[in-house]
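Mind having a look at this structure? Questions to follow.
Each chain gets a letter, A, B, C and D, in the order it is written, and its residues are counted from 1.
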Amino acid sequence: MLELSEKDIQPDLDRRRPGQSKIVTPRKESDLVEIMSGVFDGRTLGSPIGMLVRNKDARPSAYEEMAVKFRPSHADYTYHAKYGTRNWQGGGRSSARETIGRVAAGAIARKILRQRYGVEIVAYVKQVKDIVAEIDRSKVNLKKVESNIVRCPDVEVADRMIALIEKMRKNGDSVGGIVECVARKVPAGWGEPVFDRLEADLAKAMLSPPATKGFEIGSGFGGIHMTGLEHNDPFRMRRGQVRTTKNDSGGVQGGISNGEDVYFRVAFKPVATVMHEQDTVSTNFKNTTLKGRGRHDPCVLPRAVPMVEAMTALVLVDHALRQSAIEPCE
Amino acid sequence: MLELSEKDIQPDLDRRRPGQSKIVTPRKESDLVEIMSGVFDGRTLGSPIGMLVRNKDARPSAYEEMAVKFRPSHADYTYHAKYGTRNWQGGGRSSARETIGRVAAGAIARKILRQRYGVEIVAYVKQVKDIVAEIDRSKVNLKKVESNIVRCPDVEVADRMIALIEKMRKNGDSVGGIVECVARKVPAGWGEPVFDRLEADLAKAMLSPPATKGFEIGSGFGGIHMTGLEHNDPFRMRRGQVRTTKNDSGGVQGGISNGEDVYFRVAFKPVATVMHEQDTVSTNFKNTTLKGRGRHDPCVLPRAVPMVEAMTALVLVDHALRQSAIEPCE
Amino acid sequence: MLELSEKDIQPDLDRRRPGQSKIVTPRKESDLVEIMSGVFDGRTLGSPIGMLVRNKDARPSAYEEMAVKFRPSHADYTYHAKYGTRNWQGGGRSSARETIGRVAAGAIARKILRQRYGVEIVAYVKQVKDIVAEIDRSKVNLKKVESNIVRCPDVEVADRMIALIEKMRKNGDSVGGIVECVARKVPAGWGEPVFDRLEADLAKAMLSPPATKGFEIGSGFGGIHMTGLEHNDPFRMRRGQVRTTKNDSGGVQGGISNGEDVYFRVAFKPVATVMHEQDTVSTNFKNTTLKGRGRHDPCVLPRAVPMVEAMTALVLVDHALRQSAIEPCE
Amino acid sequence: MLELSEKDIQPDLDRRRPGQSKIVTPRKESDLVEIMSGVFDGRTLGSPIGMLVRNKDARPSAYEEMAVKFRPSHADYTYHAKYGTRNWQGGGRSSARETIGRVAAGAIARKILRQRYGVEIVAYVKQVKDIVAEIDRSKVNLKKVESNIVRCPDVEVADRMIALIEKMRKNGDSVGGIVECVARKVPAGWGEPVFDRLEADLAKAMLSPPATKGFEIGSGFGGIHMTGLEHNDPFRMRRGQVRTTKNDSGGVQGGISNGEDVYFRVAFKPVATVMHEQDTVSTNFKNTTLKGRGRHDPCVLPRAVPMVEAMTALVLVDHALRQSAIEPCE
């Protein structure tokens, strides 16, 4: 059983919270979590853990025009096509607000991974538009990530990223970028050979939140430029363990972790809500225009960092438990 | 019910078959499929459809050294770490041989999608190492893809790709690249808003076969270089339908298809088996070396094309059926 | 989309509520439900529907002795064996309190079944200990069931049941019995041929709440006394429909509904909490005794009736949706 | 990993085989199993284990009349209603032939349970029509069960059962009955508190094969006649273990095993195929008659015994693995 209280979960929610800095949405939400079930006397019971976070600062009036027009590159039209209805007040499930549940669940998964297996998960902003950071992923830690509001541990580059995001906000425009994530001390043997490969589950997890458009693990798309001889990763014994020489595989071979750092990158498109008039279509299927309103992030990446960590933790803990099932205690 | 026989399935298996050209493995497998259950009198029964393809041309002797050494960048070591055992004769489930079941199942999915919804799925080789093809994805079709052995519909570029792959084979080396896939006429409304987003399921499907390292949909990693204003895709009415202007979303918004072409790219790393001496570790954990043997593909992409199509079809048919469940006939 | 509000759900919760009559637990809970998500402007959105009911009248002090002793025939010991911990204040998940979520979810399922398919589900108390009711299951309806506090539509027998339950309560003892349930107007074709047979899913649903020990459908255990010739149910055309003559199959043949009434019986053991000193074992594994305390039902059947209906509705709506998936609209 | 070969599976298939005695169907099937995948060098690999048994002695001609008429109390009509088609040659999935896969899979589950946990599963015929056997379920073993062709360890009663079944066959009629099953040495802690209760999963498993109509665990329907005080099962320490005094719970409390014998009973209706003219309906919806043909069992119970054991093993091994997942090795 796990010791668990709201204190284990709130810090990650605070990292994801709106209104935390000048480069994110100014919406004010305290995002306080309440554990509803599954914990007794400070420890988990084995029951499902229910948690509740209530919305406080919703302003439906800001969305009234969206009731009758589809925002470009949002989910408005596809929800309408699928369900014939949608919650136009803030976007419902298509809002990034949805990711709060992921971060809350992920905080529990991270605690299990840390306590039981020593796994460390660190994500950070690797790129904003054309500004790319240099980061040593074997050493980066939470403190460095949290040292600035854009969550990029390369401090000089971080300043340029912040300046760009502020400029975008002033222009009523938005930017995307890349979040990189590394999971260290993942033991060899997590993952499945075919359908639930570790990298497949990570890919699904990373393409499931709003605004993500790409995933690559290890050498990723860049590995294409190498030949097999260049790309292959020789094994060597090191301190009694089988290790690879350069880890271009990203810690996963044949769908299963090999004991090296698991690392991957996630592409986030620029936020769709911009404060400019754009062509669109109304819910009665006439051409029209729409100008963005409401309080939005000009760049989702700083707040996406804890979400990427959370989703990574959820995937890893799932595979940790599956592995326990095939390694029964003697 | 669906009319179905081996004739619906065999053509895709033949496109995936070893020995089909000079740039793939020379292993001889007829890969004839036998339907075992689920079909009666030429039509599906609603029962699970069992299919069987037997291996014919296996040469376990070529693998004997692998019994005691882990091949670099293969699954040998991770399977050993996970299970304490592995089928070293040809790789077992980690062999690309595993994908034959995907292609067989996908052939049935494609038939359902084509007959019931008019969906067309076409994949092709977009890039081999640094050689990139120019392809109009709104017009490309199976005939063009099959016009050459590398399955790249840009004929001039295809010749250069073939020459590179042949050179690699002579060098005992290998190359990777990118397969692009487009699904046309997918109706608006397929997909789910959160965990089983259409792009998330496609990402998982594409990261589940051997040798894939990345997935991107629509603008993908390239979309990072645009601002929100540039990236957004205005809606316009066209012939009575809601359409987007440029489809940078890749046919999916908020996890759900929007009626535009669904298209994405998959990165394949260079094949790990190369005919050169490489450093590795033995199963009794000593440093050693190993030289690749056996009959292998110097480039998996030509044979991966039908597999990408098959996995796409399986994801789409799953979402088509889910959508049927929420649209009950009146 | 479905019109939905708390008003659709509260009535079933009220039928299940503690303190509703002299023969159930006197615990006072208003059991007011709050819809948290999935409903917008009075209609479902297609999103998951979250509902919340808070406990009000918990008295943990009544349970203090249970912290260190296992109640006989309760889940105390097995939870301890499985998890090494348990919520001893009221029983946690092993409390019948757990069934409130089933009834809330079932109320929505019933509305879908009624509106879309015309399905009617009625459950009632068929037997309490040795007192057996005579009920015409083709005609019984909610009004008759609700005409008395034991929920037995055979009014004379109901009085005897009530008297027995009151006597048991005075004695600090408890009784069990049988709930029978009938689902009328289930269309032919719901269910699956093998693993998810309709009767298999019903059996699982009925054995999943606390205190149930048996399930039988149609002729059930009684059918054993007939030969095949006696048991078989000839088909006859009636008003243009294929009908059976006597429905000993209970509306299901080969795992799939045949258009006749689906009916089954569920055995509930007598409640384990009795107000007498009984032998048991302490959490430090010494023999001891324990006398029941707390506010408990001397007979769970009256409150189990809406729960059986709810679980039936959940099973049926699942199969209705699966059937929609194989009958796509043309 | 598990040592595994066809020799572990064939004996259970032989117990289920048609043509094994004078009281079962005379159809001749050798039912030889071939392991297709998942086993290498005599041990399991962790891959899915594929097995194949081919039908040899099918006589479709015996079924021609069934192509145009629905057999009473069979799945013919419901399959037709659900799918619009069916395999009328022998019944397809609705044939008891379908259970061969369950027995094959169950044989592997039993080996795991026996080797790793010492669990013993024994089923036997408890009742045929009105003939009831007296069996000490704490001592009954495979040898006693296999001592006669009806698989009833009460030898005198077995003779009467055999005589009754032979008489039924001569009359072209059929009978049903009860199979009882006991699983001994199941450790405390297997099962889940709510939806996947051990008894719920057993109930579903037992209602999933052809011809079963009821399930009861422990005191079952009989427990209704007791009060709570009579029914409750005091705990006592015995040889250092928490034990119950009479095990009316059937080894399961609160959905989880308590270390006592898990035992339950399954009701099988009489076989629907009888050699008499019966009223029915044709596939063009006219009243007609049909007389049973083909080679059928006058009583399925003797052949159902290994199937009940197999399904029990599959349920138990599933819960054993889940329990391993929450008890990670330190």
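Here is the rule we use: a contact is a pair of C-beta atoms (placed from the backbone, for glycine too) under 8 Å apart; a residue touches a chain by one contact, two chains touch by 3 or more.
Since this is a predicted model, take the numbers as computed values, not measurements.
Visitor: Which chains are shared contacts of chain A and chain D?
Guide: B, C
Visitor: Among the chains, which one keeps its Cα centre farthest from the Cα centre of chain C?
Guide: Greatest centre separation from chain C goes to chain B.
Visitor: Go ahead and note the Å separation of the Cα centroids belonging to chain A and chain B.
Guide: Averaging C-alpha atoms per chain gives centres 26 Å apart.
Visitor: Quick one: chain B and chain C, Cα centre-to-centre, how many Å?
Guide: Centre-to-centre distance between chain B and chain C: 47 Å.
Visitor: If you average the CA atoms of chain A and of chain C, how many Å lie between those two points?
Guide: About 41 Å separates the centre of chain A from that of chain C.
Visitor: Where does chain B touch two or more other chains at once, residue-wise?
Guide: 46-47, 79, 82-83, 93, 193, 326
Visitor: Chain A touches which residues of chain D in the complex?
Guide: Residue list for chain D touching chain A: 46-47, 116, 193, 320-322, 324-329.
Visitor: In the complex formed with chain B, which residues of chain D make contact?
Guide: Interface residues on the chain D side: 1, 36, 40, 43, 45-47, 52, 79, 82-87, 89, 92-93.
Visitor: Chain B touches which residues of chain A in the complex?
Guide: 70, 72-79, 81-83, 93-94, 98, 127, 129-130, 168, 173-178, 188-191, 193-197, 199-208, 210, 212-221, 223-237, 240, 242, 244-245, 248-250, 252-259, 267-274, 276, 278-281, 285-287, 323, 326
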